[in-house]
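The data blocks that follow each hold one structure.
Here come two complexes built around subunit A, the first alongside subunit B, the second alongside subunit C.
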Partner chain A sequence: MASTLRRTPAEPAVRPASAGRRRRRGGFLSPPWWFAAPALAVYALVVLYPSLSGVLYAFTDWNGLGERSFVGLDNFGKLWGDDAARGSLVNTLLLTVAIVLVQNGVGLLLALGVHAKIKSRTVLRVVFFAPAVVSPVMVAFLWKYVYNPAPDAGLNAVLGAVGLGGLRQDWLGDPSLALWSVAGMVIWQFAGYSMVIFLAGLEGVPVELHEAAMIDGAGRFQRFRHVTWPLLAPAVTINVMLSTIGGLKLFDQVYAATNGGPGHASETLSTVLYKQAFVFGNYGYSTAIALVLALFVAAVSLVQIYYLRGREVTS
Partner chain B sequence: MSLRYGFRTFLLEIAMIGVAVAFLFPVYALITLSLKDKRGIAEAPLSPPLPPHAGNFSDAWQRASLGSALLNSTVITVASLLVLIAIGSFAAYFLARQATRLGFGLYVLFLLGIVLPFQLGMIPLFKMVDTAGLLGTYQGMVVFYTGIQLPFTIFLYTGFIRALPGDYANAALIDGAGHLRAFTQVVFPLLRPITGTVLILNAVFIWNDFFTPLLYLGGSPRETVPVRIFAFVGQYVSDYGLVFAGLVLAALPILVVFLVLQRYVIKGFASGLKG
Partner chain C sequence: MTSTLRGTPLGRRGFLRLAGGAAAVTALPAGLAACGGSSGGAGGTLRLVGVADQQKPLDLLTKDYTKAKFTTSYAPTDQVQTSVRTQLGAGSAPDLHVVYPGNGSAMSMAQIAQAGLLADLSDQAWTKKIPENFKPAFQHQGKTFMYSAGASVIGAIYNKKVFQEAGVEPPKTWGEFLEVCDKIKKKGKVPIALGAQTQWVTQLITYALVPSTVYAKNPQFDGQMQAGTASFAQSGWADAFTMYLDLQKRGFFNDNPNGTTFEQQTSMVATGKAAMAIQVSAVLPDFRKAAASPDDLGMFPVPGAEKEADVWIPAGVVVGLGASARGKNRDAAKAFIDHLGQQQNVNRWAEAVACVPLFRDGTSKIDPVLNDFLPYMEGNKAVPFMDQAWPNAEIQPAHFAVVQELLGGKTTIPQALAKLDETYRKK
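And now, the complex of A and B:
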């Protein structure tokens, strides 16, 4: 949810006020500091202090029981030398790229479809968005059936029925497919989420601009390319950032659908660090993996803020 | 974009309905299988469930102890939302009306929590919760969700409050109200639109969260719906009729809430994320 680094409120109705904001802010009678105190206390207790301790743990060999001693960068060397963990890093990146590209691509197409003046638009919006309000762990169980290896069940049955029986697969059991199958169910669940954000962007594109372009003789694609797309930039930024962060941190779906398997074929950083902590008791090592994950998320977020926000324009 | 309902719009309508039908296949499978007994599933899993077999639902309700799980989820979600909105809106009011460097630094510090993966603090926090004797309690979960969702909540509120004229609160202060009264009686009611968004977005997150309740509540009588369903599915893994009836029952409350509030939910998601 790093969209949140945008500083201007985006409600169109209030945007004009922002110009005078700085001038007026001096006129406020500032509330006392203790208004922020309870929130800061809880936040420090639940997020700041544990995260800082986590950074320290990452450089120790703590196993939860005895003394913990500093081991420098050993955990990170171990991560690099550990095939399963290194594989999970690659998997996490592949999964994230797949989710970002496909989920947002599908989301954009759906948004364009239900933004048009079709009669079923309201119902379709609800249908496409509904999976996003259901718990990911429950969606994963549903998709375990969809990915059933039996030829007459789930997706395989559909493929057989429409004459594509040759495409039937052991979707989650095949090591070369499992990761992409997980990506598929995540995309199914959250494509509607991307759609809603794109829709919000589409609603902000002034109709007059389209009419002007039409008068100038621009076709559908040209109007999309030169009018809609540039103005969708903020929605693109938010969608790309949300799906990137979501993809990097992905846990529930993998844990429930494959538990990282078969072998380590669908292992992600989150499942590896969970297993290292709560199965093997390697707290220090587990936290080192979490730190790598945090650095990835931070780095990617920063890069995206600079590059994606740079191309945002206003109408 | 054309305002007429022409032939192209008709084709698009057909295409989108086709996409929706394909999209709904997993939901069809879910409902169909939940309405069949074992024999029906073995013979023809995806044929329409005629006649429907409803026994799975009562079985699943009892075997997954969904009643108590729903109660736990409700208590945790509602209590967390109340605390979040109370202390989040207070803090955001301070941050939005504080033009100093300290105010901005504090704001950035809160925003950091949006990017930080919670896994980084997972183990130290687990130890703290354990030491404090809060494993398996409502209180532990409420404190956790409040802390973890405060950054997002504060971000939404701060953006909204900054765009709000300060005159109302100032008038109340000049009339002799304290800051506390000015906020609770004058400013907070003005925040209703964003409070709705905060409520919806956090409710969906807290209700659906799986990992933390698994860690903090797993095995206790306070397990939430996703955790209970996880254990239930693990136990009856080969009995799809029963498992899917459990999934339907567990997903129903949030889906009903969504359908009733869908216009606000979708708008809330969009505007919340737009800001």
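And now, the complex of A and C:
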């Protein structure tokens, strides 16, 4: 089948210089920016300023209470040699990969399912999306019941009832399973969120392209592979980026469900930085971890944007 | 969809990109954001922040105190620790707030006092009655900075009916303890409920055993640790961990202790599914609340030695209260603490949390279930909870983690002790 889709040009089209000047002149003084200005001012005051000023603490030995002195890059050197931080980095990356792959895979399947012309699709959309609006801490507590290690409770009871009693586990208490159990609850919560974004993408796929492909003799899978999937690229970009950022920053669910345990089995960078600040009182070191995490998230996001946007196509 | 604003079309793709950009910006971790606290108490009203365990006694005592008004709030330990420490750092601490005894936690008396953030209480009459062995929990550089109503103990909270059904009595030696567990197990009950998913629970069995395996043999252990002449690895801590794991190997714990919470542990003992839980006496009210009748439950010292005479117990000062040194209402806050130091108020607080009063007179009542512990406390066979003498806030969480790893089979006793030693030496 000949594709009628084309890639988005990597370089922007060359426009007359005068057009560029007109747009710049309109820039920050034009009415749309006035509307955004109050929100931007609040955001700058509440988020940007504290975040950026907090960077200074990363170069001090502040304990959150007393005086602080400048220690240069010591906190970053300490981070390099910190077994717990290194272990948590590995956990964070494993969690992120699992979340990005499974959450988006499930989200795409759900989107394809509820995009079909079935009567209950509106209800199903709401049902699948509902967990995404529940507080992550509440989700963690809910799943602590699901993951109850007793053989006659929660998930273990279900497994027993369907004849899979041999698969019963201590979901949150087994050091080799805890991390994946946390990933499971996060995926359950946000698969519906990914679904909504994929649905937005699916709504934008022109029906004519599908009809043309059908006339060309394309089957269901071929239509998905050659028509739907390329046009879903923007949704894939945003979903992959959001789930990557969410995975790298994961804190609430881990802290509420396992507190990073058993031992350090489900520790993430965010739980380590929280404990360094609020449990151990090492605010300077904690801010250094936060800074590294922020830069890491930004770098990964930029790479993803560059790579995934280069693959986007237009109809 | 397109927007008509100033000719800048916003298609689905554009919207998704915009959303992505916003998401990337907000990805800055919350830890980078400076945290502020609320302002100090309004004039004449004392702002008090405590942990949940303190609510019952403080509700009683603030209600009857007529010289000041209070706004109070209580929350679980980790939440209070986060918020109050942040407020302390920001200079907006409550007038009265929770303080943990000794050193070894981020909200401990010594940590906050050395930053100059706790008011000196040394001129108050009650401070003269602090027993000598408890002074390190209350004092920093010879000055008293914390109020506490007394001491709680760690022991075995047990279900009397389950013990009766198994035909056993509270044991006096480690050998007897193992026999009791064995008989209970043979009756089809769980001998010891362990909720090690709740991290603070992990430490209690070690703490129950270490007084007998370490301090009974070497009362100077803490001083030697500080001087660097002793270590966890070369001490009775190794025996305590061995005994801890022996209980697991013999099948005396419930299945999957790392996946079991404190609440589940409490329920197991209260309902008779399990015979006992090694716990701090301060949680007796939780166990009683979950039981059909409070009288179903008793408590006995865990005998961590082969001879009865060699058994020592842990007895730690309960979580206390301090006054902000820089608060606008410092004098009023100190006056309230002075009021708390009166014998009848010490008694009321101690009764509310089932602890042994800091000092006693004829009016003091001690929860009868603690009677078996008093001879140890009066015979100098009680030592403070181990973390109260530790030099930094990282050792206790390290202890939680290694116990969970030991129970999960992910580390060995020598590795666990080496980790504790390494963390102890951190500056």
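Convention: the second predicted complex is superposed on the first by the 271 of 315 C-alpha atoms of A that agree within 3 Å, B and C clash if a C-alpha of one lies under 4 Å from a C-alpha of the other, contacts with A are read in each partner's own complex, and residues count from 1 in each chain.
Just so it is clear, a contact is a pair of C-beta atoms (placed from the backbone, for glycine too) under 8 Å apart; a residue touches a chain by one contact, two chains touch by 3 or more.
Note that the structure is a prediction, hence the values are computed from the model and not measured.
Touching more residues of subunit A than its counterpart among subunit B and subunit C is B. When the two structures are aligned on the shared chain, A:I245 is found in touch with subunit B and with subunit C.
Of the two partner chains placed around the shared chain by superposition, subunit B and subunit C are both touched by A:P31.
Within the superposed three-chain model, A:F280 lies in touch with subunit C and out of touch with subunit B [touch as defined at top]. Contact with neither subunit B nor subunit C is seen for A:V303 once the two complexes are overlaid on the shared chain. In the superposition on chain A, contact of A:L164 is made with neither subunit B nor subunit C.
Looking at the shared chain after the overlay, A:L293 reaches both subunit B and subunit C.
In the superposition on chain A, A:V47 contacts both subunit B and subunit C.
In the superposition on chain A, A:A212 makes contact with neither subunit B nor subunit C.
Once chain A of one complex is fitted onto chain A of the other, the partner contacts of A:G261 are limited to subunit C, with no touch recorded for subunit B.
The interface of subunit A with subunit B overlaps its interface with subunit C at residues 26, 30-32, 47, 50-51, 53-55, 197, 200-201, 234-235, 238, 242, 245, 248-249, 251, 270, 273-274, 277-278, 283, 286-287, 290-291, 293-294, 297-298, 301. Those residues of subunit A whose C-beta lies close enough to touch subunit B in the complex are 1-11, 14-15, 17-18, 21-22, 24-33, 35-36, 38-40, 42-43, 45-55, 57, 110, 113-114, 116-120, 124-130, 133-138, 141-143, 145-146, 152-155, 157-158, 188, 193, 196-197, 199-201, 207, 210, 223, 234-235, 238, 242, 245, 248-249, 251-252, 255-256, 270, 273-274, 277-278, 283, 286-287, 290-291, 293-294, 297-298, 301. Residues 26, 30-32, 47, 50-51, 53-55, 63-66, 144, 147-151, 170-175, 197, 200-201, 203-204, 234-235, 237-238, 241-242, 245, 248-249, 251, 258-259, 261-265, 270, 273-275, 277-281, 283, 286-287, 289-291, 293-294, 297-298, 301-302, 305, 309, 312 of subunit A touch subunit C in their complex. For subunit B in complex with subunit A, the residues that touch the partner chain are 1-3, 5, 9, 12-13, 15-17, 19-20, 23-26, 29-30, 33, 45-46, 87-88, 90-91, 93-95, 97-99, 106, 109-111, 113-125, 128, 143-144, 146-148, 150-152, 154-156, 159-160, 162-166, 169-170, 173, 179, 183, 204, 207-211, 215, 225-226, 229-230, 233, 240, 243-244, 247, 250-251, 254-255, 258-259, 262, 265-266, 269-271, 273-275. Every residue of subunit C that touches subunit A in the complex is listed here, in rising order: 5-6, 8, 12-13, 16-17, 19-20, 23-24, 26-34, 78, 81-82, 85-86, 88-89, 106, 111-112, 114-117, 196-197, 199, 255-261, 392-394, 397, 400-402, 404-405, 407-408, 410-411.
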